[in-house]
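What follows is a pair of complexes built around chain A, which joins chain B in one and chain C in the other.
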Partner chain A sequence: MRILVIGLCCMISVLAVQAKTITVCPSCSTPTIQKAIDQAVSGDEILVKAGTYQESGLTITCPLVLRGEGMPVIDGQRKGEILIIAADSVTVTGLEFQNAGVSHISDLAAIRVKRHDYFTVTNNRVINAFFGIYIENGKHGTIKNNVLLGRANNEMDSGNAIHCWYAENLTISDNLVRRYRDGIYLEFVNKSIIADNLSEFNIRYGLHFMFSNDNSYTCNTFYDNGAGVAVMFSKNISMTENLFAQNWGRSSYGLLLKEIYDAEIIDNVFQKNTIGILLEGSTRLNYQNNNFVRNGWAIQMSGGCLDNHFTKNNFTNNSLDLVVNSRVNNNTFNGNYWGEYTGYDLDHDGLGDVPHRPMKLFSHVLTEAPEAIILLRSFFVDLINFSEKVSPIFTPENVLDEAPLMQIVK
Partner chain B sequence: MKQLLLSLSLPLIFLACTPEPQPIEYGADKCEFCRMTIVDLQHAAEVVTAKGRAYKFDAIECQIHYLQENQDTEFAFTLVNDYSKTTGDLHPAEECTFLISPNISSPMGANLSAFFDASTAQEFQQAKDGKLYTWEEVQDQIKR
Partner chain C sequence: MKKILKYTLFDLLRSRWNYIYFGFYLIFTTSLLMLSGDVSTVIISLMNVILILCPLIATIFGVMYAYNSREFTVLLLAQPIRRSAIFWGQYFGLALSLSLCLLLGIGLPFLYYGLSSSGAAWEFLTLLGNGLLLTFIFSGLAFLIALRNDNKIRGFGLAILTWLFFAVVYDGIVLLLLLFFRDYPLENAALGLSILNPIDLSRILILLKLDISALMGYTGAVFQKFFGTLWGTIVTLLSLGLWVLIPVLSIRMIAKRKDF
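== the complex of A and B ==
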């Protein structure tokens, strides 16, 4: 009973205190954001006017709104982290964070959310940070409409733009991330949505999942990263309507699937990548309505891949459509459009009358001797491909499309 | 003339057969075990087989898993990076001290780092918590 009364009193007192707005500007009575944070109580709003504030190590410890007007700049002068969110229900919006510290021993970030939930980080800019936005153990957060520009030239001088470690129910959308190590990195992150982001020119991956389950990413563009997206050791990932483009390089690919289970890959475009999809140890995946255009290899499948089903995908102008490096497999490739299909459709049902073998002998040769790539497009290669097509000996017999589409899937 | 040719070519043959560590090309080389691009200079590792073939790893845990899967292969070098350095010098794993600390995350989630200097390892253990291991012990610890 006593607790109830105390609780009620508290509630009334909270209601009675009106949330106030503290204005910060270089010529105001509160000239620094640190001062405003010191004065603020739960529910207040800190309004930061345009200007440059040379501050770092700002720590928010109660629920409040930190709002910038006219894009004020907080310059961390390379002294450690700039803003640490250490309370629930904090909103940070409309600020530019510059020059956070760099360290090789601790992962310094421009904005860090530390063990608290219900945060909102929107409409901010982060310039020259080691890590941009770092979520360390947080749930129910929104990271939206931020621009994160790094300057990673090599792997050592940069962390990840948006880094999430132990998190749940995040929405990461409409962000631009450029020139970091990984654009968006998720480790032990579950039930989250990554949508409408543009991730480009990152040294390693555009988006990277590690040990993260039940997530979806949709309508993102991954352009010219070291490699597009890596999904590793994760379950139940939905990947739809993304563009994976221009990921060129010796160990580069549009999408890497390593040890993942139960995923849907639908309506994506893989364009101009060294390898469109590289999969290893991945089971129960459906690939539908994807476009594989002008890749070196559209798909490379290594050992331990079971129950991968490809339907209604378009394979056009790839140097090689498919490589399967294992004899034992129950993966199916029925009902796709293959630009290289040379069969016919006499009964006009839209399906080719003879099966298509997407894996050429030359693909098999390449896995044994990668240097042989210089023979691609030579007459000799055409010859061995043709003879293998007539009587398959080296390529796995069951890698074939029994009902190849005659028309491209729109 | 013949002798001259022979004497010239002989060292070449031996040269070709000596296994030697290869520098890791960060940002371009792929981990032999997990296929990730190697970018982390503090955690990358390498093994070189007796035949001279080098395999590179983004993390020591990947290296250990690889060694466990390839126990029949003979290795000339088993090398790791020192976490406290950012120079990319590789050190023999047998001579290093290993730290598993929840506060130092490594690329593949084992929180495992290596230190060439045992005293540096102890400093990091005091600062970051965790447990120290020898190369033999840590291989037992990291089991798939």
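== the complex of A and C ==
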């Protein structure tokens, strides 16, 4: 008898703990996701079958899994936000969010995480949203494999695809973001990883850091954005193996660095950007093994840049390799490959015997009189560049590579 | 005029210098294409050469030919032929022969390497068109110089100076002006100055056809906007057209009055 009672108690307690699955489909007993959320308790799973659900303002307030099967569509009908995550440990996966609202007063998002942690947002599609995925004060989250397609036209009335504000330990990977204002925007976000994303055709930046420290982004592709990546007012950022391509047009950059400290920029490719890297007030940065190919300007360095060290980078077919605006600097170029290097290597140690001066006189002239760009590639400019190279007078004397490589770095 | 043009053309096409000129372009273009393979890079390299070489050869060769054929000219003058026909015939014969060298020397390798499939056909045509225009402009100037100066040495000197002025010195002056007045907005001034020089104008037109044009837009859209619009195209074509027309008309004017 006692055993029976204990057994019964055990069964009841197990039943109580075991999560149930609530299925949502247009013809089920729970035809709307709102209803399912109302019924659900902690740990439940809501399984949404294929179909279109015209719902908005869904708020999840306990830990649960919201899973779509066959890519069901939640159509917000432009009425505010679609899904708000207001609980820890929520998973949202396999759903398509369409037509979230647009507002000029508040930042409406298709999916918003509000002051809770341990969220997972994967395999979703967000189409036509003002803001796509908005993390507002959340830690330990994963945003993976999502596709976010927008149709931003100008900076004023468009939002960011993935927007994170006050967050920590995020993993943002394998997402596709296209045609928003910023592809991925991070403000006050620390210790996060951004990897393997493709960010393209965004109006402003492909990826944007503001006041965000100790982050790394790697293996991403930034294609044809206003500027590929902007890193501003941040510390300890590691940037590796990314491709910055086709950020081409008036005032476009591959990478914009402004007021940043202690960063590593390694193994990246900068291809066909108007300016490969634009630095302003950036200190203690290492650049290694990057490829600068066919950019207008490979590197433009404005004032206040200290301790930038360039080693083993390739500079090939750029219209201008380097512009340095200030005469006083302690930035070094050592052992890079310069396509334009014309020196020789008599002792065959792989290093040129004559130092290379990457800063041409014409670059200097351009900083003084930008209109002189109209003389680009004229014979006269070649002549003055040559004479300046032979005996530098105007260009900063200490901007030179003492040991330029003879062979391209593989 | 046609007959004289024909004689001049055939006479020049037999000339050794013409073959050397043709051969240079042929070998140069072929080797560039072989080394690089990327058509648009080759167009940039070719641009630098064409912008220097076309005017240079046209001026030197033009002056040389005008002086060398002086006896023939005097002989022709004794015949009942209009003066303008004689000089225009010679001028067009010269310009055409040089243009043919350019056309074939650059065109053949590009055709062989598959220009039509590369998608750079338009850039190439711009390059070629500008090369041809420069040839016509500078051989006209050369003829003019030769007509004005009976002294060969003086003529040669002037011809070289003319080339030097347009190819090098002019840009230097522009740059100095830009630096000197850098406190003022200078985009329109820079634009105006570059329209006055056929070599600069050709260079800018070619650059704007290439990707590199984005750099032109960097300081402000003025350059790109101007050359991109119909109005800009009309002005540039007008300027280049005037550069051909003025020497040609001047040749007639001087030829009419000149005492041989």
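The working rule: the second predicted complex is superposed on the first by the 394 of 410 C-alpha atoms of A that agree within 3 Å, B and C clash if a C-alpha of one lies under 4 Å from a C-alpha of the other, contacts with A are read in each partner's own complex, and residues count from 1 in each chain.
In this text, a contact is a pair of C-beta atoms (placed from the backbone, for glycine too) under 8 Å apart; a residue touches a chain by one contact, two chains touch by 3 or more.
Please read all numbers here as calculations on a predicted model, not as lab measurements.
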{"item": "Partner chain(s) touched by A:Ile203 [first = chain B, second = chain C, both, neither]", "value": "first"}
{"item": "Chain B versus chain C as contact partner of A:Ile374, first or second or both or neither", "value": "second"}
{"item": "Touched partner set for A:Tyr166, first chain B, second chain C, both or neither", "value": "neither"}
{"item": "Contacts of A:Tyr118 with chain B and chain C, given as first, second, both or neither", "value": "neither"}
{"item": "Touching partner for A:Ser251 - first (chain B), second (chain C), both, neither", "value": "both"}
{"item": "Which of chain B and chain C A:Thr274 touches, first, second, both or neither", "value": "second"}
{"item": "Interface residues of chain A shared between complexes with chain B and chain C", "value": "249-251"}
{"item": "Contacting residues of chain A [partner chain B, same complex]", "value": "104-105, 154-156, 165, 181, 187, 203-205, 210-211, 226-227, 230, 232, 249-251, 256, 258, 278, 280"}
{"item": "Chain B residues touching chain A - in the complex, by the definition given at the top", "value": "26-30, 34-37, 39-42, 84, 86, 105, 108-109"}
{"item": "Complex interface listing, chain C residues touching chain A", "value": "41, 44, 47-48, 51-52, 167-172, 174-175, 178-179, 182, 186-187, 189-191, 194, 200, 203-204, 207, 211-212, 214-219, 221, 223"}
{"item": "Chain C partner contacts - residues on chain A that touch it in the complex", "value": "248-252, 272, 274, 296, 317, 319, 365, 368-384"}
